[in-house]
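There are structures below to look over.
Below, chain A partners chain B and then partners chain C, in two separate complexes.
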Partner chain A sequence: MQEQRAPNARHWPLIAGLVALSAPLVVMYLYQVIDTVTTTPPGSIIPDGVTLGHWRFLAGPLSEGGPSVWSLAGNTLVFATCTALVVTSVSVTAAYALSRLNMPGRGFFLGGLIVLHAFPTITLIVAVFLILQYMGLYDTLTGVILVKVAFELPFGIWIMKGFYDSVPWEIEMAGVTDGADRFTVWRLLVLPQVQPGLAALLIFSFLSGWSEFILPLVLAPANAPQVLATYLAGIIADDRFADFSLFKAVSIFYALPVLAIYMIFQKKLMNIYGGGTKG
Partner chain B sequence: MRLVLDGFTKRFGDTTVIDALDLTVEDGEMIALLGPSGCGKSTTLFAIAGLHRVDGGRILFGERDVAQVSAQERNVGIVFQNYALYPHMTVAQNIAFPLRVRGASVADMDRKVREIAGLVQIGELLERKPAQLSGGQQQRVALARALVRKPDVLLLDEPLANLDAKLRMEMRSEIRRVQLETGITAILVTHDQVEAMSMCDRIALMKAGGIVQIAEPAEMYDNPADRYVAGFLGNPPIAFLDAVSDDILRLAGGAALGAAGTLQGLGPIALGVRPEHYGPGKGVPLDGTVIMLETHGREDLFEVELAGGGRLRAILPAGSGVRPGTTVDWGIDMTRVFAFSPEGRRL
Partner chain C sequence: MRQDRIGFLFLTPALIAVVLFYLLPVVMTAVFAFTNMSTSTGIRGGDYMLTEGSLRDLREQGLNEATLSHLADAGYVVDAEGLAALAEAFGAPLAERVEAALGGQSFATGRDLERALRDLRAPEIRMTRDRKRAADLFQRSVLNIRHDTAAALAADLSAAGIPQSEQDPIVEVAYTGWSWTTRNFELLLSLPSTARYAINTLIYVALTLVIFNVGLGLFLAISTFYLPERTAATFRAIWFMPRILPPVLYVLMWKWLMWDNGFLASALAPFGVERINWMMHSEYHAWVAVILINGVVGASFGMIIFASAIKAIPQTMLLASEVDGATRWQQVRFIILPQMRWPILFVTAYQTLSLLASFEYILLSTGGGPGSATEVWAMAAFRTALNNYGGNLQYGMGATFALVLVIIGTALSLLYLRFFNFQALLAKPRIER
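Our next item is the complex of A and B:
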């Protein structure tokens, strides 16, 4: 632990430089919040009144027959949760197989993972659109979830494989000679070792689902399966009467859960970049 | 339980790493598989445990051939080099795991865990996690976990390699004590001759997938089957000298060693001289120069370059006062020398 020292003269130029550099960011965040509760005359940067009017979307639909933000938040929650659960449960089993089981086609799957991981998946969107249309899943939340899961899986499997690879073989050998079958060994002995990765992947894929924009926009454009990201985009779609204060208020509403999750789970999320369990 | 390997063969792909190996371990005996890395000793151990598939031959536990039986059904206990404790479980849960997967009752598990923990002296550590234990304690837990189900065979894979020197000595005698107390048949895999000699009833010295010699430690040391065995056992190691045997025995450099006796007329041979059989006043004096001195505390190890070529090691009690560079005329105790053919066969 390094000794904490009061800033002295030598540090001031450094601090001044950092302040100057980060000032625009601070101002942006400041106005992001200020603008949601004030009115500002055009051309000015000084607010001239306080209002809660920009938060009116919380009370009910913005337009007659429009979607309620709460049902959209519900949609987004379902979308993100389902994505996280499916991605994690498939990754955790697939990654074990790729890491430990000597199965046919292992090399092919590993190669495929890397290619898909590097591949700009959005280029597949037309093909995906056609497939969903053909399966009758176009314009449904289920369809979007399936596509999102498929796009997230290479990342998830790769991350989990890294965690499995760091579990010593001897633990499994010991488990097998102790009399446990391979499934029991996986469930009771190996799974607890990769638990940090599991938690991180769960949170990570939830956040990724929460912030997904393109897939719901393209694959489920109707009102019912809309999510917060598309709703937000819809608010400034009308470029003549774009209400930026409303946009900022919805943005904060949209970003708050993400901030909360990051604050609560930041240590666990770091595990993913740490690349494995410690000690 | 008596363990027999009968024509055991193991291949990895097209490479045969162990070809028709025979080995018998008597009931309650502890045997060491000793050899350099890559000689197939761990492969043999894992095949006995059922972790490697057997490609030929039989593995008998008592009368039962387990060569094609899965690891789960074999009832072997194994202690790994890194102990392979389950890090998320307490010591008690670790030890109880083999009983738990067999569906033992809680009371039964508790009783057996306490019993075995007492035997390996970790009774007060049962609620700790492996990360809170020292290396020696982890070793004891691993031993307890291997023993708690009363295995037919106990397998030890380099169990002392990760311990520091002091703990290693302590655990050497601990493992042997527990093995003797439980009367379990045990196989120790090691590359350390001191471990093998101090812990085991017999040593099977391995080389390139085969067993070169099986004997009790003292017998193997005093009567090695060939040059490889002689070179492997002994610390400091044996020294070899080129010699020629016709009417009399002489070193390659020309110095006469005496009558050839049974070695008469064999031509070029190699002599193996252990450090304790070379020194002042031991048979025919040979001119040489001390080129190196290692102080071991109780004794000093010297390396001597002979005038006619060749090097010998000598071990003398400390305080001899001989310094490097000194010319000496120490001799070889010819009654204790091993003779080997150029191919390494014992003569």
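Our next item is the complex of A and C:
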């Protein structure tokens, strides 16, 4: 039972258990931040000095001829923003049709939506890789964006349909009675009602695009369209840099937008992630 | 505008995306599974080229030695056909001079013929470039030349004096493109690694799902439910983070924790524990790591679903049980858990599919190692077709691996459609027009 008071004696065993379970995670989070601004002698877990050296990648490429993180961040921003905008705009119309419009085949499309929502998209990666090659979109940011959008769509439509479903019919009835056609009713009366859904989907698909790793890795491995996720994975796997503090600094730089958005929209995100598709 | 017209208009972009990136890939996965496409065959059909390698293959196939040596030695021949071409390109006088001096002779390489042509000191071919062009007209070798079609190669074979009756096997060997085959399926059934991947996938899905997605997820949801709001929110935030963090960063934190110069090794060293790589030391270490890493993300999914389901339980039920003197444990056992049946089923159904196909965290953490101890089916498909150290990517074989998952995925998601209350979704639109 949710109680608003401070923890009492009855709570302590439970809290102790949760603390023990959560300790590894908390240690990881803390050191993820601390290690980026400190030096630690090898073989120790206690930092012995403060440094900004791990952030040297901000000033210039880490290796001769390597990419600058700023251009990578630019690519990632383009990728995530385009994904978010396209997913949201396609979902917002498709979901309305599925939720509210009386059209032939509606049941079929709805069934298809549920199947696609559950279907594990990543199994299609081999075929998608070859199809992009045939289309000439392999190794381009455009290609990855298209695929990412398609893979996010079932989820986006699903979420938006939920928001449309909760809009009262009376609003539309009123519009239709006054002589407006359904398009006008949608644009002027219904759309404002689902604005929270629009915002939530925009945020969600932006984060999803920002975090995406496998699709850019497979579909655009060249240097020009590289994003932060594949770059970070690349330097972690690269034997020339064996420096966790450096990786952590780069990854904090990479995750800053994610963390900021999380801080601001925490509650909203927890709701929408309940229907999410990750692991 | 009529509403069904608007409806289709509104759906069109989504439908295009679905056709292009769901239906087409599903069909194409099946198609590719019946081909031997790979990096070396290319994906656009091929051309015809005889190489030293194809001669070796032909010898093994038992092609007669005379034809073989003919194929190998055929170089540059000054014959009537070449002379005619030369006359057309550089004029009849040159052709006559060449015929007089070199007619009927053969040269092993183009350079030999060029040298002979230079010795003629003909003004038309004073430039090296022109001599090379002239020499090329006499080329009768078929080795290392790309032909776009089988007919083009056959024509060249005829020109080189290979009898029609022996051309078929030669043309077949020379083909560099992909072809249709069922060998992928035979391989899939005969390779011992297939069983290994299947068992690995089973272990991975079952343990992650039962221990973490459902087990830990339930524990987190129920325990935070009984805590004061602020304390509960703190723990939920801690466990929600893994889901929100980009996978590359999330796995990096685990690597730092478990790697041989990482936190665990350093923290345990003062207690006399040997420094090892806790992630990759043995198969068991790798499995624990893989399941922990995936499990923590899965637990947060379970936690969110279960927490909102618990919130939906009427407070009066819980209060009444408390008045009746039920302990916390009895409350959980007899009130909360029975209400969790559907959410648990949902999490299980949903996560089975998603785990079955996912390999992102494994790829980033153990990479399927040590050896292929933690290599799951989806990752085998990915590695075979898209990312292996050998460099020859087997698209066809990878598609065969993927096809199995696509079939399972489609079957299960169709099953879920039957399973979860579909009629409720179909609430009829209330405006007719």
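In this text, the second predicted complex is superposed on the first by the 239 of 279 C-alpha atoms of A that agree within 3 Å, B and C clash if a C-alpha of one lies under 4 Å from a C-alpha of the other, contacts with A are read in each partner's own complex, and residues count from 1 in each chain.
Heads up, the rule we're going with is that a contact is a pair of C-beta atoms (placed from the backbone, for glycine too) under 8 Å apart; a residue touches a chain by one contact, two chains touch by 3 or more.
Please read all numbers here as calculations on a predicted model, not as lab measurements.
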item	value
More chain A residues in contact [chain B versus chain C]	C
Chain B versus chain C as contact partner of A:178, first or second or both or neither	first
Which of chain B and chain C A:192 touches, first, second, both or neither	first
Partner chain in contact with A:213 - chain B first, chain C second, else both or neither	second
Partner chain(s) touched by A:149 [first = chain B, second = chain C, both, neither]	second
Overlap of the chain B and chain C footprints on chain A, listed as residue numbers	173, 176, 181, 279
Complex interface listing, chain C residues touching chain A	1, 3-4, 6-11, 13-14, 17-18, 20-22, 24-26, 28-29, 32, 37, 43-44, 216, 220, 223-229, 231-232, 235-249, 252-257, 259, 261-263, 266-267, 269, 294, 296-298, 301, 304-305, 308, 315, 318-319, 322, 349-350, 353-361, 363-364, 378, 381-382, 385-387, 395, 398-399, 402, 405-406, 409-410, 412-414, 416-417, 420, 422, 425-433
Interfacial residue positions of chain A with respect to chain C in the complex	1-7, 11, 14-15, 17-18, 21-22, 24-29, 31-32, 35, 42-45, 90-91, 93-94, 96-98, 100-104, 106-107, 109-112, 114-131, 133-134, 146-147, 149-151, 153, 157, 165, 169, 172-173, 176, 181-183, 186, 207, 210-211, 213-214, 217-218, 229, 232-233, 236, 244, 247-248, 251, 254-255, 258, 262, 266, 269-271, 273-274, 276-279
Chain B partner contacts - residues on chain A that touch it in the complex	168, 170-171, 173-181, 184, 188-189, 192-193, 195, 279
Interfacial residue positions of chain B with respect to chain A in the complex	46, 49-51, 71-72, 74-78, 80-82, 84, 86-88, 97-98, 101-102, 131, 145, 149
